[in-house]
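Below: a set of structures, written as structure tokens.
Okay, so chain A shows up in both of these, paired with chain B first and chain C after.
Right after this comes the complex of A and B.
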């Protein structure tokens, strides 16, 4: 262990142009460094693979939405054509009301095909986020709705476990590892080979040497990442907005900057390359595996979600009860809907359909508390993760990128709210006709259409700005700490 | 060119250099002899500014090295026991890098001339340093010192591990440099090379200069006997 007097304080070199000389030399050095070239190749390969996977997923979602809408439109047009022919007497009506497009019951319950679509944001190609877990389209109609809880397992369980490979994963997990591998010995290589005294004698201070060396390595990795992503998106024809892409890349670069500062800080306090690499591997594990794992565990333990069994049980119980209390429920329903006064409940057909509507509403109202509890718990989990995201820059960056790509919970909540509103609009249109027994239907152009309202511009600004500020702040702190430590580094 | 006055340096209370005073004039080769742990390397590290002395004064040329370390460093060059260069670069490229670092952008022909002057054959200039022997690396180190136009050359065990002919060639280079007005301070165990190359010899024990031999004294005396006698005498005398 060296004594304090064995540590020498290096001052700024006399020759101010050494920075440029070192940088030029390091560039040439990197070109001959097979290990670094290998790391750059790994980054290139992983980025391309991630882009291919992300772009494929984006195109799949996009085309699925477009195809679904086209199919909906074709079926609606077909139903309208057949309905108008029946109404004009050009075609005889089918035997059952359920297949008669000129009967509002058949049209509303069976022939009307409408899907509420949540179109993917182009940045999904970079951050798949939860877009592969949360449903992005939902068949809707005036009748009982399929519950979103039942759609959470649409993916293969293995994929749910490991997630999709995307550019966010490369940035958050792979990039720091590559930077660690490229920079853990930025100082030790000079100390252990004995070149540091010569370099110091030639005016290259350890601060300048290590900073330039790490910045250059990080810069090359950043250039590869940004170039590959930009060119890849362009070639793949993903219509990403330059502004959104710039913010995503800024987050990625700020995150890389933070890891550069971390490597710099660890290099400045480590006595040798082995201890630096061990420390950095430990920090990587802590920030990317242990802390996120603990935050998730805490969220699940503190706010456990109600089980699906509870939801299904409540639904069955309410359905059984509704079947036994149809007349009572209809009476209550008509009391709650004075606009339907005068409905002829003595007519068994009218009674049957009106009672169905009342029963459906009852079942929904009974299941709603379970649904609300589920939503509240989910929201509480998300709020907890939001609060604890600052314990790991990796969580904060992941959340910011996911929000930016519209692949997170906040955009999905907006989608669910819009679906609820849309279903209410459909019911307001169809239910009074069905309940009153006005079954003849020709208002094919009048029923409300699904119209996705994107989140307002800037809705994610607060989150990514906060994340960016965190990353830049920590980077500045790390660099300042390292520069201070490197002033006292051992030369011999 | 180099003047040390009452230089002191201790590690954990144990003196490594104790009240050391010596001077090296331009054109002089001063060999600092001493057993392991005598303080030779610490002395050189103090001059280079890699170690802060506890007391005393170091003057390089007209510069107070302790007050203006960078200015003093501009005047000197240093060749350690193992000259460490960039392995995946040629001797020429290494020389170009270190020359540019000290603000001298030299043409390839000039760099080659410096390497040849240092004794490295032209065929080896563009080979990677990874393929160089220790002697060849020392020659690149000399070429770097030439490129720096250093007025003081500090050497720490420069011939350790060199074969006799390489060590002889190295000595010839040193003498040439000294003849050009460079002051050379060489810490060494090699009594033979000290006798061959040095114009003055200082014998160091426990950080103290116990004897100095000059010019004809070195040649005429049996240096080994003088060295052993000085070490023994200083060990028996009270500190």
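Right after this comes the complex of A and C.
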């Protein structure tokens, strides 16, 4: 019996026409391969399901934002109408200032309903990311912001725990499995049926056969994925930018390419199909479950977040202190705001409301360091995850896709920063009026409006380019390794 | 030595000699043990933080200076959801629910600060906690260990030899099953010991904890037992180890990873929930109606008539106290209805997911695990409404004091002793029987899973041919 090396050496040189014959043969074989057609059908079905779920989520967020703004507008118009009627003497003012829209205190603290909205990016239809966990709108006002922290979506928490069936999930988790199922016996099938020696004698090298077989299958899956997603988004009317979609699809294809290389590599070293499938299932588990879990665990252990309970306690403590030091805090506040000189602090009503403003500012200044500690730890966790993302291509791809879809912390941080700026604008408008005791209010159209500023184009470029480079580099390495191994494969 | 013992010994020896199986067992054992240790440490810290915060808030309430009772009602206090003892095994839904709520006048607040909100993108990958590992990774261990148990013997031609020696196929299969079970229990044992130690040394979680722990273990063993016999049955049914492995991996991927996500999407479509924005708009509209001046006037007329006076100033009590309490009481049914409807929506989805557990046992075991750990929606709902009930007690006491002692135009401040008349908030989680009733579909699904897989395996093994 000739050795593998001997047989490989006696193999006839592969020429272009042999390659063409093999390609045609493989194409015909593929069309008759019911198992593969079934897998392709599964991908089609799952991609459609994921698109439906993702598009529903995008529209859900969009409509929730629209409904919130409409409700805000209706309440603002109602307050304005009632306020103008009171000012015109057509309606008697209510007993308490808190329900009087013609009193700046009532209007600013109780009747002004305004929400800061973070509009969903169209790509959230493909990558839900953290967009279902992080609030996407927030009630704001000039008063203390602590009471406005509760803008969570009314999702069943189990849906949040299990995760969304979005296109990212299909790409990251399902696509590799389909490829594994399609290719784990790419070589073993020929070995076990005994066709490999005769194919080899006809000039078909194992490398070319396996590579062609896997690339063909991966190509069909890629075409299905790209076609379904592109057509699906078009039909669903999601206003996604072609450039962003192209990058998302490039990431998906590069990830598929990497798994093709992985399957090739495992097939090249495994003795049989069972062993290959066992190894590939193990690698899938390692890269998709164990490594991300361990990196997350490590990030949480190395940079643990302070307790949110501590945050609440700090807020309460500061409130108590502010209550006891109202006069002192007001003095300091007026010193820091020379534009408010002349405020009559002898007037008990003016003192009360001006001191409230000073107290609120004090509480926020006391809580800010605790919040900063949260933000710093979260950033430290993120940096650690960024450093370790290469340990699993799934982590790198998920991070890149989430950033691209604006569904992660980066865009959320930008949103919160804009909310802070907006609250400062509202305060700059209302506080001087309240502090000076100019309570009559008719400037319903003049207070600043929320205006979301999208992140500049290219803010995610670095991340997705790095991810693409990682995926393509690993793919090239995997294919080179597999080709080298396949040169020494046992033919008989 | 009986035939069974011989088979078992052979099974254990051959699996131990197989480096691949040994590596898988060691990796799973280490993963589980590390997950359990980290979980115990994090859980103890969380429990301590919440307990400390609860104590601090309660003391803050008691230490208030003399002030108007309505100001005190607005000051209120935060209550913190205690970390349930078995949360160290299964954090369940807790990361996706708020940890605290503010009990204040007029308003039933939401729970705020979801831990998941402070997590990065990796939190959307499966978490490495003991429950998750047992529910999703250990079935794979069973597949790796058992896919070739009978199909391998058949492929090597040894199955025929064994049967010709008079070894009953069921006895052979039982030996193999016991061998796999041994490795499974060995993998589980360190993690269980760590968890038990964490429970014993941690804060007292209540008298039900040992029973809940035992039931948690029983249902997980039932679930894993189902997997073990399924692996055996498929291995007996299919001719080649490759066929058995491919089939089992497909089932595992569908059951543990893909179908649960599809099921939650389907549940959200079949039993849709309103967006929070719509829900809040509805709630505010209902509260606005209840605050109508007509209603206030009606109450005022009634009180004036009751005391036989014409002006609120002539009442022997303070009108504002009555008005505040009337307003609170008018809002109670509105809060009950809106929050209740939201939780009913969750419950409907939960029931669907439990029923989906008949096809997807991973969903069923997740439901039972979270329920026993006290990290499911039933426990959260109980806490939310217990907190609300306590808020109402505070309002009643404060408004009653305003009614009796406050007078318009005065700067009334209640003596700090009033704060101590409010009972300390003490939450008792729902009893075990009630909790189990909520997950009856899931428990039934798990029993059925174990029964069907065992029957399938028995039939396949009994008719196994070389």
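Operating definition for what follows: the second predicted complex is superposed on the first by the 465 of 492 C-alpha atoms of A that agree within 3 Å, B and C clash if a C-alpha of one lies under 4 Å from a C-alpha of the other, contacts with A are read in each partner's own complex, and residues count from 1 in each chain.
In this section, a contact is a pair of C-beta atoms (placed from the backbone, for glycine too) under 8 Å apart; a residue touches a chain by one contact, two chains touch by 3 or more.
Please read all numbers here as calculations on a predicted model, not as lab measurements.
By the touch criterion defined above, A:382 reaches chain C but does not reach chain B. Looking at the shared chain after the overlay, A:119 reaches neither chain B nor chain C. In the superposition on chain A, no contact is made by A:143 with either chain B or chain C.
Using the contact criterion defined above for the overlaid structures, shared-chain residue A:201 touches chain B, although it does not reach chain C.
Of the two partner chains, chain C is the only one that A:305 touches; chain B does not reach it. Counted by residues of chain A touched, the larger count belongs to C, out of chain B and chain C. In the superposed model, A:33 makes contact with chain B only, not with chain C. By the touch criterion stated above, A:294 is placed in contact with chain C alone, chain B being left untouched.
Judged by the document's definition of touching, no chain A residue lies at the interface with chain B and also at the interface with chain C. The touching residues of chain A, when paired with chain B in their complex, are 3, 5-6, 8-9, 11, 13-15, 17-18, 21-22, 25, 28-29, 32-33, 193-195, 197-204, 491-492. Chain C contributes residues 20, 24, 31, 34-35, 38, 42, 46, 49-50, 52-53, 56-57, 60, 78, 80, 92-93, 95-100, 109-110, 112-128, 136-137, 140, 144, 147-148, 240-242, 245-246, 249-250, 253, 257-258, 260-262, 264-265, 267-269, 273-279, 281, 342, 345-346, 349-350, 353, 366, 377 to its touches with chain A in the complex. Of all residues in chain A, those touching chain C in their complex are 46, 49, 53, 56, 60, 63-65, 67-68, 71, 129-130, 133-135, 137, 149-165, 169, 173-174, 177, 181, 184-185, 272-274, 277-278, 281-282, 285, 288-290, 292-297, 299-301, 305, 307-313, 316, 320, 374, 378, 381-382, 385, 394-395, 398-399, 402, 408-409. Touching chain A in their complex are the following residues of chain B: 9-12, 45, 48-52, 54, 69-71, 73-74, 76-78, 80, 82, 84-86, 88-89, 93, 97-98, 100-103, 144.
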